[in-house]
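Read through the structures below before going on.
Shared chain: chain A. Partners: chain B in the first complex, chain C in the second.
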Partner chain A sequence: MLKGLLVGNVVVDRQLNFLVSVNVLVLVAAVAIAGTSFVNVYNLQSMAVQIPELGLLGIGVALAMIAGNGGIDLSGIAVANLSGIVAALLVPMWVSADDSPLIFAFVFGGVCLCIGIVCGLINGLLISRAGLTPIIATLGTSMAYSGISVVVSNGSGIRLGYIEPLDDFGHMAVLGVPICFALFIAIAAAIGVALRFTPFGVRLYLLGSNAKAARYAGFSQSGLQLVTYTISGILASIAGLIIAARISSVKWDYGTSYVLIAILIAVMAGVRPSGGYGRIVCVVLSTTALQMLSSMFNFLDISNFFRDFAWGLLLLAFLQISRIDLRSRLFGKS
Partner chain B sequence: MQTSMAGLSGWLIRHPPLFTLLLIVLVSLVIGAISPQFWQMANLFDMARASVVTGLFGLGFLVVLAAGGIDMSFTAIAALLMYWLTTATAAYAPWMPMGVVLAAAAVGGMLLGMCNGLLVHYLKAPALIVTIGTQYVIRSFLLTFVGTELFVNIPMSIENFGKYEIWRVGTDNGSIAILPAYVLVLVVAAIVTWWILNRTLMGRAIFAIGGNSDIAERLGYDIRKVQVFAFAYSGLLAGIAGMLHVSSNRLANPFDLSGTEMGVIAAVVLGGARITGGSGTVAGTLLGVVLITLVNNVLILAGIPSTWQAFVVGCFIVLAGALFATREKR
Partner chain C sequence: MATMKKLAVCALLLGSVFTIGTALAAGNKTIVTVVKLAGETWFTRMDQGVKDYGVKTAGVTTSEIGPGKADAAQQERLIEDLIARGVDAIAVVPFDPPMLEGVLKRAMDRGIKVMTHEANNLKNTQVDMEAFDNAAFGAHFNDQLADCMGKSGTWTSFVGSLGSLTHVQWADASAANAAKKYPDMKLVSAKNESFNDANTAYNKAKELLKKFPDLKGIEGGSAVDVIGIGRAVEEAGLVGKICVYGIGMPNDTSRYLKSGAVNGISLWDPKDAGFVMNKIAHMLVDGTEFKEGMDLGVPGYNNMHVKQGPGKGIIVTGQAWIDVNKDNLDKYNF
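This part shows the complex of A and B:
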């Protein structure tokens, strides 16, 4: 186990350096192709407001992967859409958006979070208590959650209209930094710190790298899994809140390719799909690289279909790259 | 009474396909009671027709699952081949007999499946992640480079293939119900799959590697060969399923089939195949396919809006998974 951690630390720097250089490379390429308008304040901010939803879903997948035992959370975008839809349906019945927009925005956020907690708890209970494989559990619940979204919204989109505090949350920048982006960084930092310095994090890495050793360490494994998947659900619901605020409408099939993108972000960040290793700062950096690439495609007027094509190829490429790293590490060490 | 109930549930847990059979009977009885239409030949034939594509996908998925993998890309393979082959046949060789087109689809699917198998083997990454990647690559390749438009000028040979009948029944209200001949393809595929899994060395190897790949490797099984075979077989069936989809619908829509993989996975898991590999039967898978087809087709007959479909299938996946987890704890 100790060796696992040590080896982990060696990779940390390499993965981080690698991601930083990928970011720089993409940025340089984008400026070369799209011109300096790529780095003006407007474009930077518009990229920044699109990062949180991807990043939060990516962190959710990363946490599930770190927990090991074939861990993965495929239900992220379904939870995000469900929380946005339920909030958009319920909150207008309780609070008038015209009379008290601020209260509306807070209640909206609260409802989103509650849905996220419930959905995450269900995932966690199915996996930790009922003993389902994470793949089957989250595949099933992702379908069930989208199913509920379809049923309650009747399959059509719901427009929120202009609600100032919510819209501000999705777009407005304070000191040049969009609020939702700042929130994302704060959440990512909190989770990164929790993984690194709290018992929760130490145990999660232990559980992911060696489940048997973790059992003898004497903490509640199922409790840890429950917490992990619940956090993932909460992150997804925050993503749902940000999506709703940003595009001021919600629909059950928003972001169909986010399942792939969230996995891509985690894999690109060097999170080990078999568990036990992964750093949140790398997840953030891989999200920014991906978003810059996506914006570059926008400048080039490339179709969405081609974008998915590129994401799929990137995923396979990064699986290959992470394997080479693993190899050279093994041979370099011994 | 208490003990007999416990005995019954224990028995069901040991034989998961029977649980599925029970669900099928239950659903049929309930729907039949609500809507007498259910038991009419026309509806039964409709369901047989609808289960062909799901069934072919399911058999392929079963083989991959038994070998310890997961394939998320089969719908993309089917969509690519059906659209590409249909448009190409219509443009260059409309005289081509259906047999040749089917063979081309099978070979194309097999090659794509082999790519999947090789990638899963050499990337040493979870098959789920690899095949989600290839799914997007294949589907977006279709939509970016091949086409996005609905294609309706289906070549005669493909269209006629969907019209062959093996059974024609007159119904009470004067119309006729037809059982198309292509359901036989599913029957043949089921027999071949059963034969591979139960009567060949490859079948032994598939279950051995799916059960425990480390031990199987030490016993001398060639893991690469088996993985490539399993994914290639899944791709082959997917290619055939894609062509059947075109000939039964008489149009080729590149956006079709996307998303149906969930129902297929639900069917196979309900049929008693463990998601972690090493188990599963053809009979169970076919039962699972029947149950999913039943759910997809008869919710409407029962007066339940079709919007509930995704929710019900999702719950079935969770239910089947939970049943298995209980079995494994014992």
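This part shows the complex of A and C:
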């Protein structure tokens, strides 16, 4: 156990170091090649604003993976779109956006969160109570949620128009930091702390690394899973709120490519797909690395296919580096 | 140590790739064309026109980019990065026009010129360019069909789906044209839905041929309808007895054009559209006025019609369809 933890910690540090160095490297390369306009305030803010929606989905996937039992959440973007669409349809019936925009924005956010909780609970119940495999359950609910989105919105996009508080939430910066990015960092920090220092976090890691031992230790496996998938659903609905605020419209098929990118982010952050290990700070760093890399390529007019290629390369490089290191450590110590 | 070495090699490699890119862009006005999907035949052809404009015109650098996956979110991110990069003008073929309202507004707020193509419902654009008037295009199909049918007989039409705005506009304009000009032509079972699938069009066409043995003319709506209809006509041994016209891509339809199962297809050339889009963007950068009847220097775009769009911008319309049949097929290799 002690040795396991030791090795685990070594891996943790290498993970973090690697991600930090990748971030720095990409930033330096981008400035060297694309010029200093890459680090001007506008571009830094523009990148920061693009990060939260992917980052939140990435954290959701990471949490599901940490919980073990083949955990994954494929329904993230479907939940995000569904919450945005339901809120965009319902809220204008209750509150006038012209008369009381602030109330509108808050009710909008509230409705998004409610949908997120409901969707997350359904995922959690299917997995923990009905005992479905997470990948199948969330694939199914993802299709179901998208289906509902299509039906209620008739398959077309819904325009929100210009609603000042929402637009500010999507774009405005306070002290140079975009509000939605600050929110993302706050959420990530809260979850990171919860995983590290609360009983919930400790139990989640233990459940992920050894479900049988966790059961004999006497804590409720299904309860933990239920909470985890509900949190993932809430995170997705916050992503939905941010999307709606950022582009002031919602549509059922927005971000269909995010499903795989969110998984890529989690895996690149070193979250173990079989469960029991993963750090939120690494998830954040892996999101920023991907964002900077893709913005850099766009600055240089480089094909998007090359970006996918570079992401793949980065993932492979990471897997390779961490693996070699682990092996030499193990052989060196024992 | 080994890690550092590897990273250094990676950085060197990446660096050498990118220096080539930046060397090219210096001092010129930058116009970037953002398409729906990179790598698709249509947009690969458009890229030729985009590049062509940059080569033939002094003082501008043109390029085409597009998301690797058909997803509004990816397209939105591309434009977000272009704004941060501070290009002079953006020309967009929106994947889903309403989803881009917010980001295009921000582009214009930052002083970037914005022009769009195939988005006459978009508010936040300065100029939207349409290759032709949809009603005139529909009437043009009908005139061709009438000539071939000897101005009398039973005919029918196809659309991709009843939700495809342009398809329905073409079919309705065709019907109106026939009702006005050709009293002996009888429209039966109009607007059959092919769901943009050649096989569905084939099955529908077979049914129609059975149901209406005196059918003399069929009009395709989506780009693949004529392929299915052509196959049905060939199998029924009715080549030369039934007139088939519709929108289509030359290479996809060439087999049926050569056999005579399809009499002719009409389309607009994406290469010309790409060229003209960049010309318009360049005019916006230079502050040139858009006048009714202006000549943009490409056949079909010699007499542009200017009208007010749904927002502050204008819509300019050309007469840029081309008719392709077995005699001039060789000229259009796309």
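One rule holds in what follows: the second predicted complex is superposed on the first by the 296 of 334 C-alpha atoms of A that agree within 3 Å, B and C clash if a C-alpha of one lies under 4 Å from a C-alpha of the other, contacts with A are read in each partner's own complex, and residues count from 1 in each chain.
As a working rule, a residue touches a chain if its C-beta (ideal position, glycine included) is under 8 Å from a C-beta of that chain, and two chains touch if they have at least 3 such contacts.
The model shown is predicted, which means the values in this text are computed figures rather than measured ones.
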Which partner chains sit in contact with A:Ala130 here, chain B, chain C, both or neither? Use first/second/both/neither.
first
Is A:Val177 in contact with chain B, with chain C, with both, or with neither (first, second, both, neither)?
neither
Given the touch rule stated above, what does A:Ala29 touch, chain B (first), chain C (second), both, or neither?
second
Does the superposition put A:Tyr145 against chain B (first), chain C (second), both, or neither?
first
First (chain B), second (chain C), both or neither: which does A:Ser303 touch?
both
Is A:Ser274 contacted by the first partner chain B, the second partner chain C, both or neither?
first
Once the shared chain is lined up, is A:Ala213 touching chain B (first), chain C (second), both, or neither of them?
neither
Just chain B (first), just chain C (second), both, or neither: which does A:Ser257 touch?
both
Who does A:Ala186 touch here: chain B (first), chain C (second), both, or neither?
neither
Chain B and chain C footprints on chain A, overlapping residues:
155, 257, 303, 305, 307-308
List of chain A residues in touch with chain B within their complex
70, 72, 126, 130-133, 135-137, 139-148, 150-151, 154-155, 257, 259-260, 263-264, 267, 273-274, 303, 305-309, 311-313, 315-316, 319-320, 322-323
What does chain B use to touch chain A in their complex?
70, 119, 123-126, 128-130, 132-141, 143-144, 148, 262, 265-266, 269, 275-276, 305, 307-318, 320-322, 324-326, 328-329
Touching chain A in the complex: which residues of chain C?
2-3, 6-7, 10-11, 14-15, 18-19, 21-22, 25, 32, 38-39, 63, 65-69, 71-74, 76-78, 80-86, 96, 98-103, 106, 110, 163
Help me check something: in the complex, which residues belonging to chain A touch chain C?
18, 21, 25, 29, 32-35, 37, 42-43, 46-47, 49-50, 155, 157, 159, 167, 170-171, 243, 246-249, 251, 253-258, 294-295, 298-305, 307-308, 317, 321, 324-325
